[in-house]
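Below, chain A partners chain B and then partners chain C, in two separate complexes.
And now, the complex of A and B:
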């Protein structure tokens, strides 16, 4: 009898093979792989496709000024993803993002800078992938050097040390004239040349801003994909384990030091690339543009967008990029606001005030950020007309 | 020798300011386990308040009035933005204070205006002869204020009922609650005290040179001080503050001569170098309590 009982029960229909959905059940997961897939629902696939098409069509619809804004937003998003990987996923609070951004920007500027200038270093390699990777790699290297601090320190201690890095970095940028050109002088940023075409100059087919927008959008897709893949792989899970409880992570076999080191290296790489690209849009870079406020802006992007989400980082970055443009429109509706920096109250003050208040408001009222707002809206419509 | 002594005295003077700010950070840290990045804004607000009050009521009365005013501001901040965040990760609360700092400074900057604002202190850059050395009066005033303020604080924490309650609340909130201590009130009191301290420090930051829109950066130098001293130690904060002041002063006097390759104004960032060096040797500062983790 026992032998009979142990025989597997006869099934009316054979179970679907692992990783394949039964017909007509698009939301049913039959394997872990499906749950962890890059685009694990049909809605995500459709939404991404629509977004990509819209992003490709935008340059033919919008004015150049807005495209430039969006290109900046895309670059900021790359930086924000980097910060979210180290702070959101791995839980290592970093206020030093501006420092890494600066390292990337200057490395790229030096690699692409003109040769033969006695006052400024330059290697004259203007091909985008070369200076982009050089900027990223240099910042990643610095991340590797900084990482041991993170293995020794925790939480707010680490926040303050990274804050110190920003001040030290600012000092170096101010003083190292051969690389940075010095305060008030600055130097030209990296030249975006791809296969012999200088993208920062208008060609017959496209304007400069259209080209830069397309370049930055393509790079953002690439970096976002990379970030998402890091987050959903074993590395990302080890980050989350370190964030949630580092001792428990260690007990379960995660190498905490290695995870922290990796988090800083990856975040540094992202920040370096973002820094290199950011200033190639404006074409010029001043040593005083890597202060604490930049770090705070990136923290704001991550917090407003959504901690530990890649799509949230992108939303937050675009939000912060567009915010100044929006406040500049305010004087039309609020006549007591002035658009001149010398009068009071002016839009620049409002803008700074908004950064501060938005950070506070989001943290108090919607800790999951814009991503959380989206999740709420989605869940509302998913179960509509029922409340859950 | 003369130069060394004068450099040390200047270091002690500015160090006293850093120490006061550092103590204000530590008081908040001990009560809510948060580093308040709003202190720079509170310091600046205090300095500006003093500069407006000094005309009508005189500097000596303006400082305590400003301290009370900023203490009220600190109380308000705690009530509106920190209290709702109880139980949330400390990092989130720290970032909230960062946001508050940015917002408050915008408002304070409007009152400062584009130029340097004099706080109306009676010392200026006058010197007085101490054992043959021309010592600036303001440095003496700074050290005296530090001694008085910290002495009063120690007495408060050691001997008063409220001091005892605050220490209890900082040690273990739940146990303190069981013993009848109102932990919320103690946290509020801590924020008020920290605000008042920051305002006093602000008044003395402005002594001699006045304040402008970039003065807030000075308050951040108290961060190396508290980390060096250990986040939860008031003695450590005082020692750390004085140490930062002296190191900065020595770099200002001698770095241009002996280490010129470090560049101009290296003294301004020297506290952060000191911070890195101390942390590499002692990760919890000189006087800090080691975090013990239970598995």
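And now, the complex of A and C:
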């Protein structure tokens, strides 16, 4: 029949389904690639693109002070992702995050420090990737050493033992003057030099804070991508198995000890990198900065942001970073609060109170944290105006 | 390309475009040339100087020079002193403003006061916060905290008046120190002890860093010059942390102990040592005294065994500067730290006046003017010829100390026992580098 013969040859296999979903049916996956993709709906892709564009344009819109705050938030987010990987995804409670931060910070400071200084060690290598990876690697190594603890202890006991790490670290940093300079004296932190340009000093094109913000945001995107991919890979799935029922996981063939070891190593690496970067923003390090409060702050970031989510860690970190700034504005609206630390009540006390209050409030009312709040909002608008 | 994809791409692009459009709103903070001109626009200015008047200005027609303050206001070992020093400085600059200001500008030292917690890292942080808005620093308290920002100060030409006396400042052009260094002070103290108390052994109990280390270095040099035994004991801040120092004193029984800590810690050390039967003498560096110690349980021990090595005459001294200070203080409780804040401000005033006279109140102009100062008028509080910053560290080093006894009758609890004390060690010593770097304390 002419009609059949003249029809152009149909393709034997259906067209690839990628990108061909009907409008308004984002969850209709027609191919494995689509389902497994990092950004598996169009909305996610668009949202991420907009977010990245806004993040890149912020340095031209915001003042230096806010940019510095955001840069700090970005670095804290890197640390929070690390803690979330070990505590949220792998279920190994770690209160020792401050210790790994300190190791990373001091390794980077030593690698980048001035050579020839009699009082302090220094190797003079200020190129960012070198000291950053050195800091991360050293902290990861210590994480490897600490990991066997997790194989023998669980839950509250592991938390107490990792807490001990913080005090061990405090003692070492206090006493090892050649590395840390000693209590009350301190040492300069790592210099962020990239291809000969010192990013912590203003140049003609950009101010110091703009440069540091862009650097930290770029690194955050990198580390977040890495973290997300770890979480949705076989490693991430073995972490989740260990967290949910480690005995069952062992029975089904997951190497629990290896998973726990890997969790500590990865979180150590993230914490080390975060520590190295955090102090390159302000430029100076004092050994008393790696106490219990820092560990608690990171736990707060993870709990408030959302356990076992990467975007939750980022949200929680930015929230905690911006919180002091917000509380400082409170005296305008609550006149009985004073901004001077010598009076009572004052904003610093409110800030300390808030950490605890927020953790409790989020655990009771929204256990999934800020990420849970986002999910609720998203679900509401997905079915609006039929949101009941 | 399907219509939905195109629609989405257009939406994303227009959002981005909106953001670019909004990019003009940054507000010029990357441009440091923020100041207005002076009266008639004849004085060049850049950061920290505005043609608008200061908030609550004394002279509403004047512009405003903003100076920052980094002080220990809450938790460090000098938390009791910090606010008093700030008050002394505010009184000083208020008097300057009432006399018409400098070059058509009032000077404001209240707007950018920040707490540095005597912690080098916090100092660095809060300094970065106020840096874009100030011409210089009216006060930076603590030698170790200042050490964390001194490089940046030098790099950015920010002139600072330190609330401290370490010998490092002799060699920093942007730092306008006043009075003898801890090093020279300790040398004078040890010389005095060797002569008056026939001391044969000296112990230095001090904080780590360039306050305590400086004084200990000076004590060590003078001990060697006089043939005395020297012992070095480091201690950390906090009244709970002095038991090791007290134990060392009671164990080794030196004839004289040079103490270089904060006031509360010094009182703890003296009080507990005397209670344990120690009978030697204590000589404290300038920052160790606070009149409030007379109300503490250590007061009898202090009165009996302690003497202050001070940089200038105490509150009751008769001199035009002291008189002006007492008048400006009004009803404020007399306190040596108020006087210190007052005195520390003289070089900054001289530098600002010199810079305004040469028509350049930019950071660079102020830095050049301060480095060129050959003398500062302290209104009699410090001798003539003080404040010679132009001729190198050794010439700038003041070598006279005022030795004071504790006395409940004096307004601030101390009266001068030996005025203008200058020992042979300090007189003959040549300052070529900071003492704590030159001397190895072991």
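Note that the second predicted complex is superposed on the first by the 358 of 388 C-alpha atoms of A that agree within 3 Å, B and C clash if a C-alpha of one lies under 4 Å from a C-alpha of the other, contacts with A are read in each partner's own complex, and residues count from 1 in each chain.
By definition in this document, a residue touches a chain if its C-beta (ideal position, glycine included) is under 8 Å from a C-beta of that chain, and two chains touch if they have at least 3 such contacts.
Model, not experiment: these values are computed from the prediction.
Visitor: For the overlay on chain A, clash or fit between chain B and chain C?
Guide: With chain A as the common anchor, chain B and chain C both fit in the superposed model.
Visitor: Figure out whether A:356 sits in contact with chain B (first) or chain C (second), or with both, or with neither.
Guide: Once the two structures are laid over each other on A, A:356 reaches chain B alone.
Visitor: Please state, to the nearest 10 degrees, the angle that the Cα centres of chain B and chain C subtend at the Cα centre of chain A after superposition.
Guide: Computed from the C-alpha centres, it is 70 degrees.
Visitor: Going by the contact rule set out at the top, does A:63 touch chain B (first), chain C (second), both, or neither?
Guide: second
Visitor: Which partner does A:157 reach: the first (chain B), the second (chain C), both, or neither?
Guide: first
Visitor: With both complexes overlaid on chain A, does A:44 touch chain B (first), chain C (second), both or neither?
Guide: It touches nothing on chain B or chain C.
Visitor: Between chain B (first) and chain C (second), which, if any, makes contact with A:184: first, second, both or neither?
Guide: In the superposition, A:184 touches chain C alone.
Visitor: Who does A:378 touch here: chain B (first), chain C (second), both, or neither?
Guide: neither
Visitor: For the superposed arrangement, tell me the lowest C-alpha distance between chain B and chain C in Å.
Guide: So the smallest C-alpha to C-alpha spacing between these two chains is 8 Å.
Visitor: Indicate the residue numbers of chain A shared between its chain B interface and its chain C interface, in ascending order.
Guide: The overlap between the chain B and chain C interfaces on chain A comprises residues 342.
Visitor: Please give the residue numbers of chain B that touch chain A in the complex, ascending.
Guide: Residues in contact with chain A: 34-35, 81, 84-85, 88, 90-92, 94-96, 98-104, 106-107, 109-110, 114, 220, 223-224, 227, 231, 262-266, 268-269, 272-273, 275-276, 279-280, 283-284, 291, 293, 295.
Visitor: Contact residues on chain A for chain C in the complex?
Guide: Chain A residues touching chain C: 19-20, 23, 42, 46, 49-50, 53-54, 57, 60-65, 68, 182-186, 188, 201-202, 206-207, 210, 279, 282-286, 288-289, 341-342.
Visitor: Please name which positions on chain C make contact with chain A in the complex.
Guide: Contact set of chain C toward chain A: 2, 4-5, 8, 11-12, 15-16, 19-20, 22-23, 25-27, 29-30, 73-74, 83, 115, 118-125, 128-129, 132, 144, 147-149, 151-152, 155, 207-209, 236-237.
Visitor: Per the contact definition, I'd like the list of chain A residues that touch chain B in the complex.
Guide: Going by the criterion above, the answer is residues 93, 149, 152-157, 159-161, 163-165, 167-168, 170-172, 174-176, 247, 251, 296, 299-300, 303, 342, 344-345, 349, 352-353, 355-360, 363-364, 367.
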